[in-house]
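What follows is a pair of complexes built around chain A, which joins chain B in one and chain C in the other.
And now, the complex of A and B:
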């Protein structure tokens, strides 16, 4: 590469710069294309969509707060769904995470099998799970809980097995060398290193589950989502708005508390 | 008594860790293994508690060949053989007491230990052990709050709590400064004398080997190339073991500045 002394030295080679510029232009082009395309597809374009949106939004206000007491039942049902599902998933995760951690499960076929199973689980969206379980068990919170358990397992077991893989194995070797068995090694060497991260991840998944369980209600898996779906179906927008406000408040409160606990842990 | 009889060890990748080793270590001895890095010191020491398994010959501890031990027998052997590591191998997030009590795991039932129910005499023993290495005031400190020398003393306390018949120490001072190294070696020597625990230490510092060992075993390329009492060892012996002349970094130094 020829370079003049007076030229300021570039951070990247010219070739890289050209490539990055080209990629940038392509991405920009794709944005512009899809923008005009959606414009054309939408009736009346953006301005039409906006005025339509305001017309609908207006119907939601003011929210009918007198239905709050009637909302409470299904709302708690939703939170219960999340609590039960998170708790059960947190328990089942432990053996799964251990089996899919390479430093604990040294028997390779077992490790690969568990990993693959978890990867498969994670590819199924939570809504699809809910639809499947509602189809199998009918409308109600039971299929919702099942869907959330399977959904949480995919996330939790993967993240926790990665935490397990990053632990310091030296103390476990010391325990093995002093005659401890595998269970004792896990309790005294592994758990103290993994517990803070584990608790934090379980809380995080609980937050996700509260939100997911609202959405799952929409496809018949019980709780507040089911109610919201019904109210909108009856065009009872003020009631729907009251439900939305309550969901908003509850989700915020739960996330605040769970964030505080997680901060304290790490 | 530990008896290596024609012991050989070939690692799965074909490296010969031990070649036809014949050594007898008597009860109560303080043996230091010296040799360059890669000479097979760790392999030798780790064969005794079967962290690695020799592939030929026989290795007897207290008259029993340990090479085919599995499961319960193996754990029983390991409760009898304590080990100290270069990197202390403590659970950093756990406090000192819990780390020291871990030395009792091999003697405790699974259910009891998993529930955290250590016997009172185990806790008393853990405290006594900490006192013997003068670190009992750190009882409730987290292990990662301690200096390297303090952590190594905690790991010695852990081994004492195990009440082993043998202690293996694999480069116990390699990560410490000279004064702390001497302190740790002094504790090991004291325990060896007071409790009559047979002690085998890997070191690559010549001066420390000379100062603390009763007997020196020299290794090179998996073979025992010297075995004799310290009184027979000279600088020339080390040159033969190392296969080169002695250098500055073969010495730890700092013998005068031992602190208690």
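And now, the complex of A and C:
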């Protein structure tokens, strides 16, 4: 009797409880395996590493701020690369997003093909793109910009096509009924609905590109990463910390500005 | 017969006009600065691409099947890094999210502090965190786990706190009125509302972390990135083809699975 009472008081049925327990155990098992697998080559294990960590991180402080003037050049170059890449990606993404939006491209094979291409594009990490473009075009900022363009195209086109798919189709239908052609429909019906979101997403991708461009220098694709790599390679940690602090500041400032612009738009 | 009257056009205020012109001028100045000071050696790039094109592209499309085993092992390591890292982040970010949410325990000051911590953590690109942890705990996959864990905490904490802020507070107030204590409110009013979305975002973050952890190896933090680094230094394009194939397959499968699971949860 008392057992029945406790069952009826419980919020969830027994079956759900069993399922949740099972899933919890699987997740825990995968976690333990992951922890074991990632630490198998470690000397001293988890606790050794953690006790050591703060001691080693102290080497980074204080950052050597006297190298700031030398950092500025590559840092601005990084931002410029992100600006150019984002701009070009923002232009190319428009036709791609239209082609991969279900309510604009009614021809199904074309829609599926563009979608598949974009999904494939998004699986390739930015670093791999950079490596391939450096292999093709040699060392420099040009392959870096190309890598950023292709990388951001995948993200941007997907997000924007989703925005296009969520627009209110009623004004467009009303326009078609009163005899507007496709271009007029896009210009007067679609663009006013999509433009604020579009700008916001482009800014978001710009933020992603600034972060991503740090890694490009590691494979010779220009920007601040090359300098950081060198300083870490020379064990010159205070200099490296100065670079890291500058990247941190730039990312924060850009995030702040783009948040302000976004608030003004929406 | 009265002529058809159109509604008057909305007039822009002077303030809005000036603001628009100002933003336009700033954007134009940024673009001029960018395009004047950046220099790309197109002639060299074109010459390089002529030499390398056949080599690189044919290598990429002729994967080195002998390396399949190594790639599979490295991908497993990447998955374990991402899994351990995102689970740690999911757990770490819950208290931070409750602190940052303005309708929970923190009050105004706590919420500001929590939001500040989260956005400071978010401003570090993953690769920078990986560099720091590689120095701190040595070049092994566990450095990658820590980098992913900290990097994801910033983003997940922000998402979680937004979810907490959007819950239905009526339930909380009703429980308060009935004399429930804080722990009861947490478990019976807040948790049921937030858990499905928390899980959904955590799983989505795992998807993102798979991509992120695949590049960490370039700074020595384990996973497939290590292989990318060696293949790119050796200009071994068929090896790179195998790696690329491995990444595409794994990321596609995980994206697909996570989309399925998330659709079931929410």
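Here, the second predicted complex is superposed on the first by the 237 of 266 C-alpha atoms of A that agree within 3 Å, B and C clash if a C-alpha of one lies under 4 Å from a C-alpha of the other, contacts with A are read in each partner's own complex, and residues count from 1 in each chain.
One rule holds for everything that comes next: contacts are C-beta pairs under 8 Å (C-beta built on N, C-alpha and C of every residue); 3 or more make two chains touch, one makes a residue touch a chain.
Please read these numbers as outputs of a predicted model, since none were measured by experiment.
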item	value
Touching partner for A:173 - first (chain B), second (chain C), both, neither	first
Residue contacts with chain A in the superposition, chain B compared against chain C	C
Touched partner set for A:188, first chain B, second chain C, both or neither	first
Touched partner set for A:127, first chain B, second chain C, both or neither	second
Which superposed partner A:218 touches (first chain B, second chain C, both, neither)	second
Chain A residues contacted in one complex by chain B, in the other by chain C	none
Residues of chain A that touch chain C when the two form their complex	11, 27, 30-31, 33-35, 37-39, 41-43, 46, 49-50, 52-53, 56-57, 59-60, 76-77, 80-81, 83-84, 87, 119-120, 123-128, 131-132, 134-138, 140-143, 145, 211-212, 214-215, 218-219, 225, 228, 232, 237, 240, 244, 247-248, 251-252, 255, 261
Touch list for chain B against partner chain A, complex	49, 51, 75-83, 85, 87-94, 98-99, 102-103, 105-108, 110, 113-114, 155, 158-159, 162
Complex interface listing, chain A residues touching chain B	168, 170-171, 173-181, 183-184, 187-189, 192-193, 196
Sites on chain C touched by chain A in the complex	23, 30-31, 33-35, 37-38, 40-42, 44-45, 48-49, 52-53, 56, 60, 76-77, 79-81, 83-84, 87, 119-120, 122-128, 131-133, 135-138, 140-142, 144-145, 192, 211, 214-215, 218-219, 222, 225, 228, 231-232, 235, 237, 240, 243-244, 247-248, 251-252, 255
